[in-house]
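In the two assemblies presented below, chain A is common to both, partnered first by chain B and then by chain C.
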Partner chain A sequence: MQIQIKTEWIKIKKSPIWLIFFLIPLIPAVMGTFNYLQNLEILTDGWYSLWSQHTIFMGYFFLPPMIGAYSAYLWRLEHFNHNWNRIFTMPQPPLHLYLAKLFIVSLMVFLTQCWVGLLFFISGKLIGIIQPFPAEMLVWLLMATLGGIVIASIQLCLSMVIRSFSIPIGIALMGGVFSLAFLARGWGLIFPYALLAMGMNGNTPQSLDYGNIFFFLISCCFFECISFIFAWQWLKRIDVQAE
Partner chain B sequence: MKSIRIEWRKIKRKHFALVVLGTLLLLLFWQLWSTSRMDETDLIQGWMGLLYQMPLLNCIVLPIMTGVLASRISDIEHKGNTFSMLRLLIQNRSIYFAKIYLGVFFVGITTLGEVMMMLMLGFLRGFITSPPWGFLIYFFGYTLLVSIALYLFQLLLSLIFKNQLIPIGISIMGSFIGLFSLYMPGRIQEFFVWGYYGVLSNVRMNWDAVSRIIDYYWTPLNWGGIVVIVAFSIVITALGYRLFIRKEY
Partner chain C sequence: MIKTKDLTKVYYKKTCVNHLNMDVEKGMIYGFLGPNGAGKSTSLKMILGLAKPTEGQVFLFGEEITHQNRLEKLKDIGALIESPSYYGHLSGRENLEIIQMLKECDPQEVDRVLEIVRLEKEQDKKVSQYSLGMKQRLGLAGALIGNPKLLILDEPTNGLDPAGIQEMRELIKFLAREFKMTILVSSHLLSEIDQLATHLGIIQNGEMIYQDSLRNLHRYSQQRLALKTIDLPKTIQILEKNNIPFEQERDAVLMQRLTDEAIGQLSCMLGKMNIGITRIEERQKSLEEIFLELTGKVVSL
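So, the complex of A and B:
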């Protein structure tokens, strides 16, 4: 398993994935801060107002496709040059491949949230917010990471089954857009793509509080298990004829 | 014509129609949801509301959709390493323009589908006024032009970079920039091609924070913006062609 994780890491180590990783969160940080400064008369809640501007669209429309891109990138090589045949002849269970990819994408999701948090902190300091930094935002970032890992596990399944690089990313966008409708109805916990935005707590119609955090975690575990079972069964049944 | 026929054969079982259908379904569900609770004032302003909301949604969805289309159309060649072989058989120009034709066709179908969907929604919800045909045609025209411009840009990237992560990443960024630019002052919006769905829209909104009433109003058609987007498309096509013929695959 360790070898597979190392291999997956090599794949992304010098890849353009880092370009996406660094640049995409920069856009809401710059534009959200600009928007915050433009509307200071309405946005009076310091860090919380700035957070709402930074995360206003991120959890619905942009982080799901971004995670979709991470996942699709890791499966892309397997879909090239009959590599599936090699995978099935290696002395390693194919499921390890899925788990190694899940580990790496989860790490990327975690790092993305750290970067989002860091940009938020820097923006707040640069524009001179004087209140102390609210520690609960660290919890929101952690919850968003868990929600993001759920999306990653589903996207990895999609990119494993669909050989196209871009189609699963389009599906991630659809999932993100639909999540808004689910959150508006208060059904965020039953839709996997809504968990990230819900965990982020940024301007969502259905927010995360200490009352529903338990159900949030249960929901994350449930969707993780479903994805795992799907990947396990699919990799068990699929044969080299799929090439 | 021959190259276009070849392109059609290549995508025969690639389910391209699903990309268009998925995009339209996404927009339809959103609009069905957002128009589900309309009072009489909303029904009077129904067409304006649709013509206001649709460009916003397009800013989110169409940059990524055009990115996916361009990536799929180019990735067929990257995956099979077929660019070098193709160049021996067909002229560079034919390959490049056949790929443009294909994308423009799907983008055109999507835009037409959007207009049909708006008409259907208008009749389904019982909008009180009759459809503003002229503005619907204008919407069709500018949405098509902006989508073609974005498709051309994405095609350029997808042809140049073998690694499709870069063009797709840029399409996600573009979508983000386009959406955020709509909340920026007018002159700033005009610098971002992804936000042109909003820049060219001829409906604006006044929102009264106290009474929470939305009032839409028409603005003059933005012909200057149309010229900008057409010029952008011409420049990108020329640049894309130049880079494509020089590229060693």
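So, the complex of A and C:
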């Protein structure tokens, strides 16, 4: 496994995916900050209000397709130029390839959350919020990372099976949009794409309920396991067909 | 080294490979010949475990391949299937380093194989900027990492220009000679296999229609004698009268090789009858004609 993680890192290190990584989170950060400044009379809660504005766009519309793009890119490398053939004639178990990719995308999700957090902090400082920075936000970023990893594990399955680059990203976008509906009804835990936005806790920024965190973690584990079983079974049966 | 027993693959009710019995022994350069779509790639994929046989078994290095021992066997095999395969955004060297890590061999292997395929100077260039010939050589370099005992190359010269084909052919011969590798190479070009292989198997519509050494095949291509005269019907009469076996062609007769003496007598006879001889020439059967004779099938190669 370690070997594949290293080789996956070589593949992604010099890839254009880092442009998406750096540039996309700037959009919701700027939009959110702008929204916040426009509605100062309603949004009176300093950091918390700014957080709600940032996360509205980030969690629903931007991060899920971004994670979809990371996953699609990593599999696209194998779908292109007959690399499937080569990678599966290497003396390494195929499932390790999926797990290594999951590890790398998870790492990228974590780094993305760090970048999102940094952008949030900078935005707040720039517009002159004077209250102390609330530490819970670090917990929310961590929970959002876990929710993002769930999306990654599903997207990696989709992009492994679907050769197209954009279809799985489209599915991730739809997932993000539908998660609005699930969360509005309070059904966030049963919809994997909603876990990220739920973890970010943008709707009700002041309530951090530890009971909810427990169920949140259970739900994350459940969807992780489903993806893992799917990848395992699919890679066991796969036939690299003659083209 | 490789043996397949009744190897069969059915994709969506279409039989791509039909009870294939292949036998590749140590030290051979085995040419696997067949028209496009005959089932070459599918056969090679089943040998490597990339596709699962519908029926039949694959034996590598004398042992039947199972789910358990497959990865172990792959360590001794270098493969290039539906080549070239590469990561375009990485340099040639990085591509090879990935393979070297996955094959868990010495990092110096990368330098060794770069030297063999003569890509040392271009090793730090992005592979997307390589020419097709360079990509193909890089693919071969990748297959050579770890100095495998068995090399499986699927159409390694496909798409290359004549100089590239020549270079690839020399490289393959060099590998067999220098490193004693056993090589299975597929192609749809008869002339290519003829110049490269020691043994060959011909596949058509998923069936192995011929398998033997190339030398045996050439034995069939014995020379014949073609005779043209100004009066073909009378010539035929004379041949029949003297019990000389022949076949008639459009404007000539074809005979087995005759002794010089017999030819002399024949020409005198024809001369006496005032039948002028316009041509006597030796003909060799082409490999295509031999296939036709051996298999009774027209092979378009």
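Throughout what follows, the second predicted complex is superposed on the first by the 236 of 243 C-alpha atoms of A that agree within 3 Å, B and C clash if a C-alpha of one lies under 4 Å from a C-alpha of the other, contacts with A are read in each partner's own complex, and residues count from 1 in each chain.
Everything below uses one rule, namely that a contact is a pair of C-beta atoms (placed from the backbone, for glycine too) under 8 Å apart; a residue touches a chain by one contact, two chains touch by 3 or more.
In this text the structure is predicted, and so the values were computed from the model without any measurement.
By the touch criterion stated above, A:24 is placed in contact with chain B alone, chain C being left untouched. Contacts of A:61 after superposition: chain B is touched, whereas chain C is not reached.
In the superposition on chain A, A:89 makes contact with chain C only, not with chain B. When the shared chain is aligned, no partner comes close enough to touch A:212: not chain B, not chain C. When the shared chain is aligned, no partner comes close enough to touch A:49: not chain B, not chain C. In the superposed model, A:15 makes contact with both chain B and chain C.
Set side by side, chain B and chain C differ in how many residues of chain A they touch, and the one touching more is B.
Common to the chain B and chain C interfaces on chain A are residues 15-16, 80.
Those residues of chain A that touch chain B in the complex are listed here as 15-17, 19-20, 23-24, 27-28, 31-32, 34-35, 57, 61-62, 65-66, 69, 72-73, 76, 79-80, 164-167, 169-171, 173-174, 177-178, 181, 184.
Residue ranges of chain A in contact with chain C, taken from their complex: 3-4, 6-7, 10-11, 14-16, 77, 80-93, 239-243.
Put simply, chain B touches chain A in their complex at residues 14, 18-19, 22-23, 26, 29-30, 33, 60-61, 64-65, 67-68, 71-72, 75, 79, 163-166, 168-169, 172-173, 175-177, 179-181, 183-184.
Residues of chain C touching chain A in their complex: 11, 16, 41-42, 45, 48-52, 71-72, 74-75, 77, 79, 81-90, 94, 97-99, 101-104, 142.
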